[in-house]
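Next come two complexes, and both contain chain A; in the first it sits with chain B, in the second with chain C.
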Partner chain A sequence: MTSSSSPSRKTLSKIATNRLQKELMEWQLDPPCGFTHRVSDNLYRWIIDVIGAPSTLYAGETYQLQVDFSDHYPMDAPQVIFLHPAPLHPHIYSNGHICLDILYDSWSPAMTVGSVCISILSMLSSSTAKQRPADNDRYVKNCRNGRSPKETRWWFHDDKV
Partner chain B sequence: MDSEDDMHDANDLESLDDDFYSGETGMGSDDGDGDYEFGNNASDDSDDGNLNRQQENYTVLSEDDIRQRQEEDITRISTVLSIERDHACILLRHYKWDVDKVHEAWFANEESVRQTVGLYENPVARTFSRELLCGICFERHPCDRMCAASCGHFFCYSCWRGYVSTSINDGPGCLMLRCPDPPCGAIIGQNMINLLASNEDKEKYSRYILRSYIEDNITSKWCPAPGCEYAVDFVMGSVNFDVSCNCSHNFCWNCTEEAHRPVDCTMVAKWILKNSAESENMNWILANSKPCPKCKRPIEKNQGCMHITCTPPCKFEFCWLCLGAWTDHGERTGGFYACNRYETAKQEGEYDEAERRREMAKNSLERYTHYYERWATNQSSRQKALQDLQNMQNVQLDKLSDTQSQPESQMKFITEAWLQIVECRRVLKWTYAYGYYLPENEHGKRQFFEYLQGEAESGLERLHQCAEKELQTFIDSSGPSKDFNDFRTKLAGLTSVTRNYFENLVRALETGLNDVGESGNQPTCSRSSSIKSGKGKNGKTRTIGGTTSRSLDDGNHSHWSCESCTFANTKSSMVCQVCHRRR
Partner chain C sequence: MSVDEEIISGVMAEVEAVLAMYGDDCCIIRAEFPPHLTVHITPRTAEISSQQFVEAVIGIEAVVKYPEEPPCIYILDSKGLDYKRQQHLIKSIRSKSCDLSSCFMFVALCEDAIEIISEMNYPEGECPLCLYPLYPENKDSIPQPFMKLMSCFHCFHSGCISKWCKWLQQQNDSEGNENTHVGNCPVCRKKFSSKDMEQVGNFLETDSTLLAYNESDSEDEKEFLQCDTENIRRNFFDLTLEIQRKRSGLFEPMKPISIFPRMFLPESRIPVDTISDTSVGSYGEGVHVLAEETTLTTFEGPTEVRKFKNSNSRRSRSYYSKTERKPPPNKKWIPKEGSTSGNSVP
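On to the complex of A and B.
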């Protein structure tokens, strides 16, 4: 077995493409409940509609997730944000950034877009108050120059919403 | 320089030619001060104790030492627990390289340790099929193209390589890498890394393991000097935090700032913060040139000591700090070279410099400025002394041993003098931070403090003069000088006296100046001979800048101060113990 060189960018990009094609195919066969992928030619940016689960604060409301993948996917986590207007939630900032550990430190390449979507929906469903995080204004101001949420050093809110 | 060889040299030479030594002073050996005897001011016996304690409470480790210790620890755990070295390394990392903790936890509950660390014994998932789906690339691969950690979650080699490489290039977190299967906590050890990573990444990983041994271990730290690769292992619980790295950097093990005895870490942090806050206001002070107080031509300070002589034809001698005539700092006014009298300077208000300051800043800044300027001056004097020491060792000693036709091994007293100067500048520097924080209303303590600081400072100035200017005449002379042996005696004596002054100062400040009596003008320092000798000074009243300060004399007229070197001799001796001048 050969182990003497790091995987090159080209191999990674091939892995990313293969893997995304497989995920997309899987999604089309069996989409996660409450999510719709808007069809586009761009394999590296998915726009996904989310419908709030019944009998939760967000029941019937529709929001859009934008998921961006790098050449290093799935070794690197995708960048996931809510498009404007982002749902009012104690872990979601008004600029759409989401404070959820699996999108950053706890990402694993064995996770998928589908599993991320399900985590986000469960985060929404367990919310008991429609409000912004306490530090929303400060955080959003700091992100004005177009900073990606992946550059933030997240201090994760506790699990209880 | 190998000090033991030098010592043998010295001893051999001594037996061959006794004339190298001025006989009765008993300075037979050129290393250590323990051999010097100055009448009743016999060497302080706690010195050796200090030295030993310092050597015992820390160890400097090179990279090889670190690797060796790490290997030894891994071997111990691997042997005692009967597990693979790879697993022993994982356990040690988890328990911050504390061998005892690993033992304790393992023998208390092996199963629970395995679960927490992620070292599984029996794979959770096991498979016997010939082809498997890789959970990362979602492709099927034959089993021999796949591998798994102790949990048995299989992924293909290519995905593993991407996973491992991404993690290693993300930083030291790769030491805690776990199986990619989301809820699985199986740890990935070095064996598996070596199987999957590129050579470059393997190298990075092994550096992280080495770094972890120092950075995660609560008893060790890297030397903070830029570019230094030594680490220091510290005996926890030791009182003295000062450590000296093999790179010659001295630092405080506790806060990793440069060594700062006698002030404590909290005060150092406060002072450094204060300096950075004030630094904008301070820029004007740091200008390295001042006008000569007499002829007004700008003078740049280029020697380490505070005694400045203006260029000819003026030749005015003055003190760099207060710009006062140097004659005011001499024996005539009480035998002190010191210039630490802020209160006096403020009262007098005669100096241009002081007036300028008054215009530029408010009272508090002015007070801070006083201490900061002296702190910074001692800092740069220390740097200068370090350079001088290097120059001395690299060039001057060679030259000197030529002109005086004496072997270089006989010049060690000069190196020792300069090492003492460097150390004194360091201590003195921090006494100014101490002085800044010493409450103004504690008059007794302040007075005692300034007295001790003055003593130390004047001792240092004498030593510096001798090691800088007097030495130069011997270096420049055309042939051997008969005065050279006297010079040796004097400089070695001054070095020893100054060391004592500074040790007393450090001790007094570290104990919070608690030896000072209620009356405030009766400083007593129970067992320090040199303080007493300092107080002796023929019972003269100390006068500074025309203002009479309260007498610090304890009425003990048992000493006389030498006119030439100011060494405090016992009454019984008629000749100065240091410079042999008659009383």
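On to the complex of A and C.
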């Protein structure tokens, strides 16, 4: 049977598709410094390689971000997590969840994958200690059933890192 | 000397004319000869402030030899104009001033500037929400309506910003927020002013038909592409194609179907039955059987033929039991044709 008979394939709204195609096109023309988008045919899940900025704690290290877009993108924030192994950072949990307000409450549809990536790199770069958040174990245990970080009620208290 | 005086009084009269025309928009920097003034230029088409996307303050400084030599023209300040458009504005006014040399040209230059800026009264760049140009670069394409937030002057397609407002409202509703906070600018987070909400409301009202149409259009499309009959149609097509490929030629049974529509009726019932309880695969069988029924003796290996016959005889029996017309099971296909034709007589 051919592809036409597989209804499971994810279909997304025209708005989300147009916007993502545009973003991908612009990314390919002018990728943000320090990031590489892994080529794939899935427009709704981007895997992005992040290279730690020079002269920071993460210099030369490479991590992977996974960005998932919903049907309501860009109104709805994308889900952004680090794939294993997540960088050691006071705001990044060992399961890859990132405590960063723009990914949740402060999301704005004027932000793009590129601007989110830059925010995350800047968060990494300003870190002064390679350590997990204090409540890492408790949080990760609570997320064991595969909960999305978007369902977490985040507290954003630290504006230094 | 008298010629000079004549020129000077002419120039001064000109300055007064500019003052009279532009009032508060005009600012005299040097009143005595050679005069120097600035004029705040806004698009002629922008009587409604929400429809103003650009403005500029241009300076005109006459030289000693004015009007023999054109005055010095510069842009003091501008909004909504990038370098390219600023250059376009200034170059156009300068070339106009050269054309008019030895005439009193202050008023003409200001009017020219207004003309040019009126033509440029559209926001620049892309809508921050959909990332497509606010104003089509290609003049043939139809421009989408756009609007400016009054509080911060950020521009969006009206449709895009309205969707954002609607989304925020939905989120608030679903979270049961009593908060009447209506939203903020996606770019700078400044709170929407009441005027902005009014604009969005107006847009949604006037264009709700358009919006609703677009939405339902895509919804309909999705629904149509996923609906059962469409899926069945596609499966049928795929199977037909497969059989055609296998036989490297046209699928012969298509002919009897079109000639005898009654033969089609039991055939179409089989897949509905089977699809409900099993899978697409059994529908596949149904189609194969149809192929066999009409071209019984010509092709396929005998083992395969038998298999299909068996699997289908059960099904056909159940169908006939429903319609209370039981052909002997041994006779299989040929009597069935007889029975359908018999059916057509009354």
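Following the convention adopted for this analysis, the second predicted complex is superposed on the first by the 148 of 161 C-alpha atoms of A that agree within 3 Å, B and C clash if a C-alpha of one lies under 4 Å from a C-alpha of the other, contacts with A are read in each partner's own complex, and residues count from 1 in each chain.
Criterion: a contact is a pair of C-beta atoms (placed from the backbone, for glycine too) under 8 Å apart; a residue touches a chain by one contact, two chains touch by 3 or more.
Everything numeric in this text was worked out from a predicted model, so none of it was measured.
Undergrad: If we overlay the two complexes on their shared chain A, which of chain B and chain C does A:Ser122 touch? Say first, second, both or neither.
TA: neither
Undergrad: By the touch definition at the top of the document, which applies to A:Thr62: first (chain B), second (chain C), both, or neither?
TA: neither
Undergrad: Quick one: classify A:Arg19 as touching chain B (first), chain C (second), both or neither.
TA: Both partners, chain B and chain C.
Undergrad: I'd like to check the shared interface: which positions of chain A are touched by both chain B and chain C across the two complexes?
TA: Common interface on chain A, chain B vs chain C: 1, 4-5, 7, 11, 15, 18-19, 22-23, 26, 72, 74-76, 108-110.
Undergrad: For a test of understanding, state which residues of chain A touch chain C in their complex under the given definition.
TA: My answer: residues 1-2, 4-5, 7, 11, 13-15, 18-19, 22-23, 26, 72, 74-76, 108-110, 112.
Undergrad: Could you list, by residue number, the parts of chain C that touch chain A in their complex?
TA: That would be residues 128-132, 163-164, 167, 186-187, 189, 218, 222, 226, 231, 234-235, 237-238, 280 of chain C.
Undergrad: Touching chain B in the complex: which residues of chain A?
TA: Contacts found on chain A: 1, 3-7, 11-12, 15, 18-19, 22-23, 26, 72, 74-76, 108-111, 115.
Undergrad: Going by the contact rule set out above, which residues of chain B touch chain A in the complex?
TA: Within the complex, chain B touches chain A at residues 135-139, 155, 157-159, 161-163, 165-166, 180-182, 195-201.
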